[in-house]
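Have a look at these structures, which come just after this line.
Each of the two complexes below includes chain A, the first together with chain B, the second together with chain C.
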Partner chain A sequence: MKKPNIAVMYFPGNNCETETLKAVKAAGMNGMIVRWNTKLNLSEFDGYIIPGGWAYEDRIRAGAIAAKDPVMNAIRKEAGKGKPVLGICNGAQVLIETGLVPGLKDKVEMALAPNINPFISGYYNTWVRVKNVGRKGAFTNALGKDEVLHLPIAHGEGRFVTRDKSLIKTLEKNNQIIFQYCDENGKVSDKFPITPNGSTMAIAAISNKKGNVMAIMPHPERAIFERQVPYSAKTDKKTDNIRIFESMKNYILKK
Partner chain B sequence: MIQVGRTDSELILISGMDDAQLLDFMKKNAISLKVDEARRAAGLIGRNPTITELHIFNIQWSEHSSYKSSRPVLKTLPTKAPNVILGPVEDSGIVELGVINGEKYGIVVSHESHNHPSQVVPYEGAATGVGGIIRDVLCMGAKVIATADPLRFGNPNGKEKNRVKYIANEVINGIAGYGNAVGIPNIAGDIYFNESFDENCLVNVVCLGILKEKDIIHSYAPKNSEGYDIIVVGKATDNSGFGGAAFASLVMDEDAKDSNRGAVQVPDPFLKNVIIRATYRVFEEAKKKKVALGFKDMGAGGIMCASSELCSDADMGADIDLDRVHTSMDIPEFMIINSETQERFTWISPPSFTPRILEIYNEEFELPNVAEKARASVVGKVTKAQDYVIRHKGKVVCNVPIKAITSGIRYDREAKEPKRSLKEPKLKEPKDYGKAILSVLSHPNVASKARCYNHYDKNVLGNAVIESGQADAGLIKAVDGSKYGIALSVDNNPRYGRISPYYGAANAVAESMRNVAAIGAIPSALTDCLNFGNPEKPESFWDFKEAVKGVKEAAEGINLYRTKYPVPIISGNVSFYNESKSGKSIDPSPVIACIGVMKDYSKAISMKLRKKNSILFLVGKRKDELGGSVYYELNGELGKNVPKADFKAEKAMVYSVIECVGKRLLLSCHDISDGGLAACISEMILGGNTDGKIGAEMDIGFSKLPVSKTLFSESSGFVFEADEKKVPMILRIMKKYGIMPIILGKTIEDGRLIIKNKSNKIADVRIADLKDAWTAGFGRALG
Partner chain C sequence: MTSSELFVSLKVPDNIAITAFHALERMGFSSLKRLERKDYYKFEFSGDKKNFENKISNVDILVNANKHMFSFGLEKNDAVDIIIQDIEKNNGLINSLKSLGMKSIKKAERGTLWRLYVDAQDKKKTAEQIAKSLLMNENYQVMRVLK
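Presenting the complex of A and B:
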């Protein structure tokens, strides 16, 4: 079977493209880093990842300028065909700013607001746990229901908020809330430090209604191998986080 | 070719000025050369200088650029060993990592200071410090893989507390703001507070890179490079940072702070992020086409310093046309050539490859659209005649023998031992040892720095194996597809230096090596950033010389693993003129970084206790050495008996620990330093993330010292945890090195620290209380 080919986007200011591409490859897919001004035909890729960093310096708001970049129109079109699109950290901010997530109306419905954290204001890098609370979607089909993942966050603006309070109910009903912050035993809590940024309902990741576009604030690509996880054995054995990328592969191959 | 020495500019007739007039003229033009230096420059040129030339000598002969006071002393440092690929001669040093798949890899290391800018505008000062060090490493042809930040701030409870807290917070924000955005993980660092830094903080920064030896790009033009292009790439040149090197070489004048602000550069990590990636692309392309290039960071002295050194070190000259330099404002010629505008590099490229470089930066990575007027521009040519020629608007504004610019000047400074009135205090034993332990743990110099390093990105790039705070050193995976790891630790306790600059330095070398050894890595190279007061004062210069001697003797005394060679010093920096406006020097602060190599990172261990019922060992004799200790400081004393690194003993400890970790005999290990044995064991219980649950029970009956001295002496040593089954093997290895470890006690399921003295319980503290003390101290200092 042909390996899926993934475009890992690089907007000026992104900085997680290398390790994201490594995660793609570790999950058994092909991929390449694609610059924002690429001359390649994006429709030739099977899936897309918008990695972390500071796309366009986060001018105006995190992700706001990249969301307006012409390549995002191309990606929007491919998402409409059902191809998987994953936004990690700054990439998640871009997807929220394009309106692709949650994608219920043709406009920006949510925001990723500055963290609320009693310990450090602004940028915060630490290890958290998240629970898979969504259905078996494009990025979770290889994960067990309620499975807990251990991975880092690294952001200053990761608090999912919405002006329309009923939206959260709709997201819940539609199974669009994919990951929530939780403790070691999988107990979800929106309190610090379990939720490190004050995110509404402890949300760490949400998807569009179809489930093929996901915005996730924590960084699974930084915790693919055991050696990357604090105090674990320093081996090159893969962690459960790889299954987010393996899910993406399964989803593409099944389509 | 133009006539030697000919210029079209007006000459400054310094030969006709008396000393007072000349001084006045220079002051008005923000030139800080001494009168005799200006006359000496004219002598080297062979005529009166132009204003541009005078500015050039002002920068090149500053202490920062010329090392004019320090060079003869620095020459005594050991820089050679079989594992050195490049010593401290170019922008960074390079030490061998190892041979992987038939290719020899090198670790590129640079270590710098950004002290004065950080005192004036702390956010930008600290940020540009990170930006500059990344350029130093990148320009060797390396992939940039890690940074670390040793920081020194004033007393957070002293008379300057508001300013101190402001500076500390802003410096940390600046490092985060730059390093996080560029995307280089911060893997190590340390922070000390004391009143000697009230008016002069220290912001040092270390950066690591990785490359194959054959891919090194040197900071000089290739052989036979006559006619090669000189290319300036990056941000458009402006007036920011003009005279930065000269500023770093002056005592800071509080009243002149506003005028000095212009000497601080403006950071742009966003542009740097893109330039780094574009530059990696140039590296690849040059390798593919087998093109030899010269490449240099533009820091102090801007275009002038980079281009003159690139050409001079290849025994060539340069001819530069300032009209071809991309600028963002209309500024005079001496500013264009000397400005320290950030995010710029200089390439030397054969004309056949130049279009490709321009294409990569200007089109593929669209620099002009990433930052206003940023780009790559050809600005001049390498010449055979060894002259440094600058043209501006069709006129020659500088024409000087290039070696006159680059060979610098020397001073033999006077050194005189300062009077230090030191005495040992007579303290009563504390009534409650548990309380004493908690107050040591909450001292900001001991307390957890999580609030700082969790503001830094520690795991971007996905290469971190041990992150900041989890162990005595950080560890990163070095090369894809291999198990090699690179360890990094920084160290210097300023209060030791206050008592004895020699032992302050020697202890820093020894401790940085212990830190690297504690995770199992082999100390392979050192760098030194030597932060001192005014070298024109004999007392400060004596401190400096003593510290260098301490570095030298420690590096030579604790040899490179299994060799007779010293642990080589491969990079460094000197920062003088760190003093208060009243003329009081900072504590002598030779900050040392140790780079460790680990062949198999899967063997690395951290400081966190791993399981109950394992054995706790102590190596390193507890001595009556509390001079400069946290315990004395909490009692308002400095003391006299500073820890005296015994190089033979250090060597035995360090190499026996490495061997034990290498054979997977230890579960966790921590070096004894600030706060002594009591702080050491408490930190092992807590673990870096303060989520430790395993307790410890130990008996200090082995020690003949008073209890407080046993618990809080900062004499060097290690505490490690091992499974009982491994004890005979550990003892065998230790014996080989002449070490008889002491069994301190064991780990316990109960979450407490229990300390006994000859079976009498003298302290019993819950983990929750240790945690509260250890996590609160640093936040209080900042907040």
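Presenting the complex of A and C:
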């Protein structure tokens, strides 16, 4: 069976493209880093990942400029065909600023606003736990319902917010809330430190209605191998986090 | 209570404003002829205004004389000035300033002032449309048009 081929999109200022590509390959897919100004035909790829970093130095606000980059029109078109698009951290900010997530109206419906944290203003690094609360979708089909993952976060603007008071209820109804921050027993809480950034309803990841485009703030690609996880063995054994990428592979192969 | 508004801009080319301008051009806003940006601060404080303004402009975290220019108030021109601010305020700025000895501060807020030079019949409306399309995210920010 042909391995899915993933474009790891690179905007000036990204810094997680290499480990993202390693995660793609560790999950049994092919891939390459594709620059924002590529002449390649993006429709030849089976899926897309917008990695973390500071696209365009976060000028204006995180993800704002990259969201308006012409290459995002091509990705929007491919997402419309049902191909999977994953935005991690800064990539999530880009997807929110394009409106592709949550994607219910033809406009930007949410923001990833500056963190609210009782101790530290601005950029914040820590390890969190997130619970798979969504349906078996493009990025969760290899995960168990309510399964808890242990992941790092590193961001200054990771608080999912919206001014549309009815939107969160709609997202719940549509199963578009995919991961929520939780404690080690899987109990969801929007209180610090379980939710590290003040995110509405402890949201860590949201998808579009079809489930093929997901914006996730924590970094699964930074915790794919045991050696990347604190207090774990220094081995290349894969962690459960690889299953986000394996889900992407399964989704493509089933299409 | 006395208040003062501080505007801080770069002496060197402002990469953020240049990038925003090019992005807006690409998005089709040909009526935008020039775009400038300033950091905006508003303070409420007790005591003498001149003394406060002298202190705040020398406190080093808001203005670095090597690369910044600043003014209290804005000069008049043909542009449309729009201030973008986060809806939720945090206390980071006021706490930092107080820790640096600015004890008379009662309230501090910050934002970004965008100065849009627009060639259009209705400059204000066009500038607002431009701001909403890129310069702000209405889900956590608000806009105030100064003129």
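Going forward, the second predicted complex is superposed on the first by the 255 of 255 C-alpha atoms of A that agree within 3 Å, B and C clash if a C-alpha of one lies under 4 Å from a C-alpha of the other, contacts with A are read in each partner's own complex, and residues count from 1 in each chain.
Rule of thumb we're sticking to: contacts are C-beta pairs under 8 Å (C-beta built on N, C-alpha and C of every residue); 3 or more make two chains touch, one makes a residue touch a chain.
All figures in this text were calculated on a predicted structure; none of them were measured in a lab.
Student: Is A:A113 touching the first partner chain B, the second partner chain C, both, or neither of them?
Tutor: Second partner only, chain C.
Student: Tell me the contact category for A:A154 with respect to chain B and chain C: first, second, both or neither.
Tutor: Only chain B is touched by A:A154; chain C is not.
Student: For A:R61 in the superposed arrangement: first (chain B), second (chain C), both or neither?
Tutor: second
Student: Have a look and say if chain B or chain C is in touch with more residues of chain A.
Tutor: B
Student: Using the superposition on chain A described above, determine whether A:P70 touches chain B (first), chain C (second), both, or neither.
Tutor: Second partner only, chain C.
Student: Should A:T162 be classified as contacting the first partner (chain B), the second (chain C), both, or neither?
Tutor: A:T162 contacts chain C only, not chain B.
Student: Using the superposition described at the top, list the residues of chain A that contact chain B and also contact chain C.
Tutor: 56-57, 122
Student: Using the touch definition up top, name the residues of chain A that touch chain C in the complex.
Tutor: Chain A residues touching chain C: 56-57, 59-61, 64-65, 68, 70, 97, 108-111, 113-114, 116, 121-122, 161-164.
Student: For a test of understanding, state which residues of chain A touch chain B in their complex under the given definition.
Tutor: The touching residues are 10, 12-16, 18-19, 22, 35, 37, 52-54, 56-57, 119-120, 122-127, 152, 154, 219, 221-224, 227-228, 230-231, 233-236.
Student: Which stretch or stretches of chain C touch chain A in the complex?
Tutor: Those in contact with chain A are residues 15-16, 19-20, 23, 26-27, 86, 88, 90, 92, 134-135, 137-141.
Student: Within the complex, which stretch of chain B touches chain A?
Tutor: Touching chain A from chain B are residues 173, 176, 180-183, 269-270, 273-274, 277, 364-366, 370, 451, 454-462, 464-467, 470, 477, 480, 601-604, 606, 608, 687-689, 779.
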